[in-house]
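One chain, chain A, appears in both complexes that follow, with chain B as partner in the first and chain C in the second.
What follows is the complex of A and B.
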């Protein structure tokens, strides 16, 4: 088992090194995130200035929520795996099946690496800049900070499980273009990346609580801000991990069905 | 005990079809038509350890499908298949740890990483013990002359260099069985020879069983002791190259270079099948006329500059076998 884990770790590492090669992409992504961050800050600033009614979240918390969102943007499951997409188009996917590895675990590892590497690359400078110049506060307590780190790890697993499902859809659609147009807006809206979830109407809250997307953005960020007290970290992690387990099971069943009817493109 | 047993293997693909043009595309949106394409229609053969078998056939005959079933990638619809005592698709992970696969048109190396990092990754994936890995890696580097390529990212390799690296990548875990799907496709003459030499060494010296699919008949002539021909999803022939030749034709070719390019050449026992300036190609049946007699007759009538006898090229033979009839002569 440890030997198997070693193999997957090696693949994550390779993916990591590969993504680190693309410095220009990292820089461009960082600049884009910063730009959108300012736009979102201005929108919510206008909203808080024009509204006298008490809001479920303070203006400072929303600003923190936005900058955390800009820092952690690459963590979201917004795309099918570009490598797998290429392999399915060209038929190179055949090589994935001649490896003595579990294909689901292999693609999950790829998805994990594809989220982890760019997130680290962008989050660290973005957080530093936000702390120094953009008014992002440190977590109110060590406990809140630790809860945020734990929930971010949970979000990474949840996101990888969702991303692996997107990748698996390629086995039916081949191009994945439809999926990558429909899914990202849904994920952004329902996770809190566009509007912080506490600002949604009360009737929507039970649904948002139930769906997995809250665990990607909203709950980790509110743990950081202290908006969710750190002693609730257990419930947050449970929500993330139960969904992760369900999505992994679903993904495995889909993959088992797909491999039986596999056609390798291009002979 | 045979390493590979294939009995009555069948596989059918469903292919979506539509009429050409915009009308066909619109109809296809509403109602999909599917056509069943039989890729394998009852294929059977056995392979003993240490064989080097050429598996040939026209495009779409089922070569690659067979290889993919044997490699555990595709699940067949029916029939029996055992490789090294396992059913490939049922115990895929244990099975693929024992085999090596090269698809000539695709690379298994990580496009953006230097070659040596791909090798290290494969070591981790196949869990090759450190000492074994060092030995087999160094051997492969020496045999395939890979030393200068190790630090080059794969995307910058030429096709010939990439194929040598791909061969090494398929063998780092010392598999007992190697599947090569068109390993010489698109390679220049020098690279082809290097790949062939390597395959021969591997088979003779290490006893690795090799199944080779190819369209290059020189590969077959240079390497294979046994040739399986598949056409239309069925085995059309299985045996030595000589037996294959004998089955299709006993014909020999006599190539003659004449001093006089305009000479009229006729002979009762031979047929002129090609004329190219001074060169004339005659086909004859050695049972009807002895080669020496034919040569003597020609030399008596014409000024012969040079001549030699050869078997018809293997392409010719295969074409006849695929077609089941006499193909147009060149």
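What follows is the complex of A and C.
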């Protein structure tokens, strides 16, 4: 059992080292990211200057939400695993099937590493710059900060479970191009990346509360900002973990069905 | 060099590229639908913000929708036509550009014809849908001169974005590492141009007016298109705004020529 755990840890570690190789690309990506944040800040600023009506979130909270979003966006399940995609297209996925590891756990750890490494790479410098120069406040209390860290870990698990589902869809569609175009916009919209979720109409809130996507962005960010009091961290984590468990179960089901009827591409 | 057959040659490139893509019919429809949906999500966000805030610095949802429709339609047209320039850094890296140099036809034309992306139809459709909605929702009547200007503005915008793609490809003659930075003016430009540029900080508006003339498909023609107070914008500037994109493309092509002269093959 510990040997298996070592194997998964090695997969996460290898992925990490690979992503850290491309520093110039990371820098260019960072600058793009910063620019994007500025556009969004100016747009929301203009909206807040246009209306004196009370809003579900203060202007300052929205600004914080935007910069947290720029820092954490690599955490989102926006892509299928490119390696698995290549393996399925060429047929080398057969090797994955004969490995003495649980295939779901293997792909889940790949997905987890593919979120964790780029997130750390982008989030740390972005948060530092946002704290120093862009007016991002530290969490209002230590409890809020701790709640944010816990909810971010929950978001990572939830996101990996969703990403693994996306990867599994490749076993049916091969190219995966359709899925990777339709799912990410949906995730952006429903998680809070397009606009902070509290700004959607009130009638949409119960639906947004129910769906898993809020746990990726909205609830961790609002815990950070103190917009959700730290006492409610339990409910946030429960929402994330119940959905993660449900998605993992669904993923395992799908994988079991797929391996029974799998046709390996020759080549 | 014979140049008179250039349009015919480009159309043949387009034909070949399209026939190739239509081999994967299901994939094409999924991509089209996906693109339509992706762009639609953003407009949904804008709609929700107007629901909360009512207006944006004196602009209505219908007016913002017109800007949104213009910039997305123009970008989709440019992406369809000039996307070959996007895959160009790969040609430089692999040394494949050498082959193009050997052919007695303009290099820019050959690169543009490399890949005409049909799947961009999704963004185009979405831009046109929002544009259509904005045109019916706006109170002013759409007279012939206004329609002419609108068409010109969209065309000028498409030229501007093609110019940006050409510039991005030109940069790859010198470096292929930091090209993602150009996304700030291409994709960032579409993001910016979805709103009236007057809502941004002055330095930002100036950059997107005088350096990258995004303003020419945005707030500069707005007084005529929306029957708004000119706010100090001379009428000739509003009417002449489509020319800015054309000029930008001409400058970009000039730089492209310099880049081609500077090109040394990787030899692989």
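By our rule, the second predicted complex is superposed on the first by the 266 of 267 C-alpha atoms of A that agree within 3 Å, B and C clash if a C-alpha of one lies under 4 Å from a C-alpha of the other, contacts with A are read in each partner's own complex, and residues count from 1 in each chain.
Rule of thumb we're sticking to: contacts are C-beta pairs under 8 Å (C-beta built on N, C-alpha and C of every residue); 3 or more make two chains touch, one makes a residue touch a chain.
Since this is a predicted model, take the numbers as computed values, not measurements.
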| item | value |
| --- | --- |
| Chain C versus chain B, contacts on chain A by residue | C |
| Chain B versus chain C as contact partner of A:125, first or second or both or neither | neither |
| Partner chain in contact with A:229 - chain B first, chain C second, else both or neither | neither |
| First, second, both or neither for A:145, with chain B first and chain C second | neither |
| First (chain B), second (chain C), both or neither touched by A:55 | second |
| Which of chain B and chain C A:29 touches, first, second, both or neither | second |
| Interface residues of chain A shared between complexes with chain B and chain C | none |
| Complex contact set, residues of chain B against chain A | 13, 59-60, 64, 68, 71-75, 92-94, 96-97, 99, 101, 103, 105-108, 110, 112-113, 117, 120-121, 124-127 |
| Contacting residues of chain C [partner chain A, same complex] | 24, 26-27, 30-31, 33-35, 37-38, 40-42, 44-45, 48-49, 51-58, 177-181, 183-184, 188, 191-192, 195, 199-201, 204 |
| Chain C partner contacts - residues on chain A that touch it in the complex | 24-25, 27-29, 31-32, 35-36, 38-39, 42-43, 46-51, 53, 55-56, 175, 177-178, 181-182, 184-186, 188-189, 194-195, 199-201 |
| Touch list for chain A against partner chain B, complex | 3-4, 6-7, 9-11, 14, 17-18, 21, 90-92, 94-95, 97-102, 259-260, 262-264, 266-267 |
